[in-house]
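Heads up, the next two complexes both have subunit A, just with different partners, subunit B and then subunit C.
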Partner chain A sequence: MSRAPRAAVAVGVVVVVAALPLYLESFWLQTALFSMGAIVAAIGLTLLVGIAGQLSLAHAFFVAVGAYGYAFLAGTEAAGEDGPAGLGLPPLLALVGAVALAGVAGALFSPISGRVRGIYLGLASLGLVFLGQHVLQNATSVTGGYEGVAVEPFGLAGFGFSDSDPDLTIFDVPYGRLERLWYLGAVLVALAVWYGRNLVRSRPGRALATVRDGEIAAAVHGIDVVRYKAAAFTVSSMYAGLGGVLTALAFGRIVPESFGFLLSIDFLVMVVIGGAGSVGGAAAGAVFVTALPLVLNHYSGSLPLLAEPGGGGIGASEASRFVYGAAIVAVLLFARDGLSGLVRRSQSREVKESLI
Partner chain B sequence: MSRRWYAITTVVLALAVGACGKGSDDGGDSSGGVKTGPGTTADTITLGYLPDLSGVFAPNGKSMMEGAKLYWDAKNEAGGICGRKVELKTQDTGYDPQKAVAAYQQISGDVVGLGLVLGSSITSALLPSVKQEDMFLNFAGWTSDILPNENVAIAGTTYDIEAINAIDFLMREHGLKAGGTVGHLYFEGDYGENALQGSKYAADKHDLKIVEQKITPADTDMTGAVAAFRRAGVKAILFSAAPPQAASLAGVATSQKLDVPIVANGPGWTPQLLTTPAAGALAKRYYVVSSMAPLNDESEGVQKFLAAYEQAYPKGTPSSNGSLYAYAGAQIADAALTKACENKDLTRKGVLDALHSLTALDTGGTIAGKLDFSDPSQPPSRLVYTARVRKDAPGGLAVIGEPGTSDDAESYQFGGS
Partner chain C sequence: MTQFLSLAVGGLFLGAIYALVALGFVTIFRATGVINFAQGSVLLVGAYLIGRLHDPIGFWPAVLVAIAAAALISLLVDALLIRRVRAADLGTLAILTLGVDILLSTEMTREIGTDVIGVGAPWGADVVELAGIRVPASRVIAGAVALVLVAALAAAVKLTDWGVAMRSAAEDGETAGLMGIRLNRVAAGAWALAGVLAAIGGLFLASFPAAGVTPGLGLVALAAIPAVVLGGFDSPGGAVVGGLIIGVVSVLCAGYQDELSFLGRGIGTVAPYVVMLLVLLVRPSGLFGTRELTRV
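Let's look at the complex of A and B:
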């Protein structure tokens, strides 16, 4: 493609993304926001698992650090009925702070991740999720315990990403919290994808892949294995933290149940379905895993064969579990390298066919 | 220029031309002199239901939907609420806050209020939006931590009051005396910890010693807890966990010769427990203290429910905190909506105000006592039913005496600490 049309495609994509909140109902915006949070965090995990070759089941923990970190840093200074007190920092500073916090948590864990490999690292990191759950339930002065904590809306230069402050109506569509957050989410996802892709193709990315494929070979090439492994864990945690902030903003109020062991499994599934190591694949996997149950639930009334909620028979939520499970099995059977591998192979087949 | 160019330009233009795809029409309409708003029209009233139909509480969630259907079907047959038919919009939450928030976004524009929300963490996650949209929310839970709250309606009294009354029951009927020791087995989280607040309060009043055993829903073997209770020489056990733990507790206690009464909060019982091997042990020493009526209660409301249930679901098992709860919750919503219609204001705010104007709602006995919703910082009642397990009773529970409450429970102050 030549330069001009390529720029046009980019402009087109931007315009479509910018215009979508005019059309999407709040359910779709909410689903999209949850997906965006998952995309950012899943990219972090695919870098860790696919590129650096470290299996981590602690991703939900780092997502929680980001989410609760933002809620605490940005929260109002007085404790009220909405939950415990925070530091009252400006939202942008709180966002950066929460991501940094998640990074620090990852860096603190990296001595372990540097020493333990494969399935053992997975089990070692699993402990963090349960530790996190215990802390979230019991450190009530920061996390609010099981009642959770309200998340201060994001704001930038006096413009609040909330339902008012200031009131905003575009083409007769009132712009509320979800519509405004859509743009924040889109920008953060774009940044995460851009940075992730560059990282994979850059010198550190290649170094990490070398570490994954053979630590001794990597060391022979002059790569500081321990340092690179620690860096990969830290970057991955920061991605998780940013995804957590976005998820927290999408919720409006966060509770410990959202960051349990199942979320860690979900992230792993996203990465596997998408194809470990592929940034685009992780994004696709994140959308698939996050949105599928919600969308199937949404259409439960109109899909044939599915019972209305509360009626007898197989309901939408059971069906979505079956589809979810079947999709994972299908991907593992027919596309070992995930959705991204599927796309890549179909492209190379096209090229071959055009050569014949 | 490539074809792609044209395609994109076309899409962009189409989007731009068709702008304002969604508008807003939340305006206050009026029909037949009654102000209506989101979820209400001249001939329908729509309520949102957010039960758990696929998560850990799925069996109970399904039972709840049976109770809700039972009530509203009968109501609609009898002409509905001031000539309006009541429709339900049900979405499964799977006991997952993320699913619940998405489900809420999906239905919130079309409902006047939430007829049932299961789970405190889910309720917490929904509250900011519910508050902003002035909806009422029937909370399928009995924790006083949610108080004070303008939007939430609790069906009866709270776990802490139940626990205080449980101790009172033990002192009156089972020879528990000042200076005695009571074991309290409870869940980590809102339900168990709320009940513990109550038992500690009562223990303080009567110079009792509480031996705490905190567990999580994943724990199903109570051997350790029973051993600890035995060592401490408990005279009775309070139980604020779920049926699987109840079966283990009663079974292990019997085999270890820990022969003391067990008094549970409402969620600690399900009729299905009678099909477990622990049924015999439970029938001997298991009691339940709850604001929801045991199903063999003679009151008119409970008998009406039971007759209707057996007709509609001949193969089903009615339960106090499943189908009867949702039935009673529907009674509360019905009363608020009827009152709002009398006030000629079926907007969300109108329904919320109508709810708070109810000071002596009589559910016919499905919920203990007359319900007073005027003070958002108090539960609507402090009365409880006490029941014991009996295999041949409907729902497996036989009521003991009239609903009542102790002096301690009357003077108990809410506010967490």
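Let's look at the complex of A and C:
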């Protein structure tokens, strides 16, 4: 694509993204927000799995660090009905702080993440998820235990990302919390994609790919293997932390249950379905895995074969787990490089045909 | 002191169950290089079948059916899925089994729901007492069964043709294949064996003092993973030792919960993972694992 049409496409995308909250109902906005949080975190994991060749089952842990980190840093200073006391920092500072916190947590794991390779790292990191759950349940003065903690709404320079403060109506559409967060999410996703793509194509990205393909060869070329592996893990945790902040804002109130082992598996599923190492693929996978149960649940009344929640038969969450369990198996058996691979192959076919 | 002893002994018996499940992981890993995340849900299927069938067909037939079914499922996972992508890297294979695990455990969650299904074992809730140490009968039996199975397995691996084939496949699959060892058959045997071990482990994990079969049983079985990692992934002996360590540590932590209250409630369930992380800090390839040596 030459430069001018590409710019036109970019402008078009921005306009559509900017206009969508005018049309979408709150269910779709909520679903989109959860998806955006998942996209950011999934990009982090795909960098770790696809580029550095390291497997992590601890991604949910770092998402939790980001989510709870934000809730604590931004929370009001007095403990109230909403949960334990926080530090009362300005939201933007709390967001940056939460991401940094997730990064520190990832870096602290580096004695293991730097030395243990691939799937073994996956098994070792399994410990973090369970440890994290334990801490979340027990450190009640910060996390509120199983009752969870309310998340302070985001705000920037006096503009609150909540239902009021100030009241805002655009083209007769009242702009509430969800509409405002949509823009925050869109900006963060765009930044995450941009940074991720650049990382893959940069010097450190190529170094990581070399580490993945052969540690000894990488070491021979002067790449500090241990340091790079630890750094990849840290960057991936920071992505998870940012995704966590977004998820926390979307929820409004976070509980430990949302950040368990199953979430870690969900993230792996997103990455695999999208095609490990592909930033766009991870985003697509994240939307698929996050939105599917919500959408099925929303329409469970009108879809055949699906039972209402609580009734007999296959419920929405089960149906979606069946679908993506089968999706993993199918992807790994028939299209190892996931959705992004399918897209790439069809593109190269087009190119070939156009050459003929 | 008596409390400490009974906890330690109880822990060893629990550890014996973990050791069985862990041996399943190691067997599959040695024969086919797959880390099988579906082990937990195969275990759940086994326990579930015993729970559902012990009433209509009697306990022992139900156990046999469950063992056969678990072995068959495990075998099918290998024959239908893993075999087609044998050459793929470890991560891919592991994630493939995660997919299978999602399918199986979702179906099991749907079947069981919020029920707690008793396994109807003839030893019920009996407690054995010796020198002031009280241990549930089911755990003692589990320990004995584990001891017999581990010994039998060790002998089989050492002495039988199957064992030789298995060891050579683990050592160097390609060469073993060239020497006329049927790798697919070795793999099938290993997967089936792991299914058998999982079903037996499931029976005992769901027996007293546990209330019965719940969908959470698959997650309980995950505690065998720290055992495997502790022992080093390719070492059957390590899996047994790792299982015992994990069992003792988690029972001790649960038993001394009040003294350990500064660590929070429910420390018993996370203790295995903490131990695993600590050991990995010192020895990245586990206690008995083969250190990866690389030459250029």
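Note that in this section the second predicted complex is superposed on the first by the 343 of 356 C-alpha atoms of A that agree within 3 Å, B and C clash if a C-alpha of one lies under 4 Å from a C-alpha of the other, contacts with A are read in each partner's own complex, and residues count from 1 in each chain.
Here is the rule we use: contacts are C-beta pairs under 8 Å (C-beta built on N, C-alpha and C of every residue); 3 or more make two chains touch, one makes a residue touch a chain.
Computed from a predicted model, the values in this text were never measured in an experiment.
Peer 1: Based on the shared subunit A superposition, would you classify subunit B and subunit C as clashing or fitting together?
Peer 2: The answer is clash.
Peer 1: Just to be sure I read the superposition right, which of the two partners does A:Gln137 touch: subunit B = first, subunit C = second, or both, or neither?
Peer 2: In the superposed model, A:Gln137 contacts both subunit B and subunit C.
Peer 1: Between subunit B (first) and subunit C (second), which, if any, makes contact with A:Ala326: first, second, both or neither?
Peer 2: The answer is second: A:Ala326 touches subunit C but not subunit B.
Peer 1: By the touch definition at the top of the document, which applies to A:Pro256: first (subunit B), second (subunit C), both, or neither?
Peer 2: first
Peer 1: Please work out whether A:Pro111 is in contact with subunit B alone, subunit C alone, both, or neither, and reply first, second, both or neither.
Peer 2: In the superposition, A:Pro111 contacts subunit C only.
Peer 1: Contact-wise, after the overlay, does A:Gly122 reach subunit B, subunit C, both or neither (first, second, both, neither)?
Peer 2: second
Peer 1: Pick the subunit C stretch that clashes with subunit B in the superposition, from 61-69, 205-213 or 259-267.
Peer 2: For subunit C, the listed stretch overlapping subunit B after superposition is 205-213.
Peer 1: Which parts of subunit A are touched by subunit B and by subunit C alike?
Peer 2: Comparing the two interfaces on subunit A, one with subunit B and one with subunit C, the shared residues are 137, 315, 318, 321.
Peer 1: Across the complex, what residues on subunit B touch subunit A?
Peer 2: Interface residues on subunit B, with respect to subunit A: 1-2, 4-5, 8-9, 11-12, 15-16, 18-24, 49, 51, 53-54, 62, 65-66, 68-69, 88, 90-92, 94-99, 101-103, 105-106, 108-109, 120-121, 124-125, 127-129, 132, 145, 148, 188-190.
Peer 1: Across the complex, what residues on subunit C touch subunit A?
Peer 2: 35, 81, 84-85, 88-92, 94-96, 98-103, 106-107, 109-110, 219, 222, 225-226, 228-229, 233, 263-267, 269-270, 273-274, 276-277, 280-281, 284-285, 292, 294, 296
Peer 1: What residues of subunit A sit close enough to touch subunit C in their complex?
Peer 2: 49, 53, 55, 111-112, 115-120, 122-124, 126-128, 130-131, 133-135, 137-139, 215-216, 220, 261, 265, 268-269, 272, 314-315, 318, 321-322, 324-329, 332-333, 336
Peer 1: Which of the residues in subunit A come into contact with subunit B in the complex?
Peer 2: 1, 5, 8-9, 12, 15-16, 19, 22-27, 29-31, 34, 81-82, 137, 146-148, 150, 163, 171-174, 178, 250-258, 293-294, 297-298, 300, 308-310, 315-318, 321
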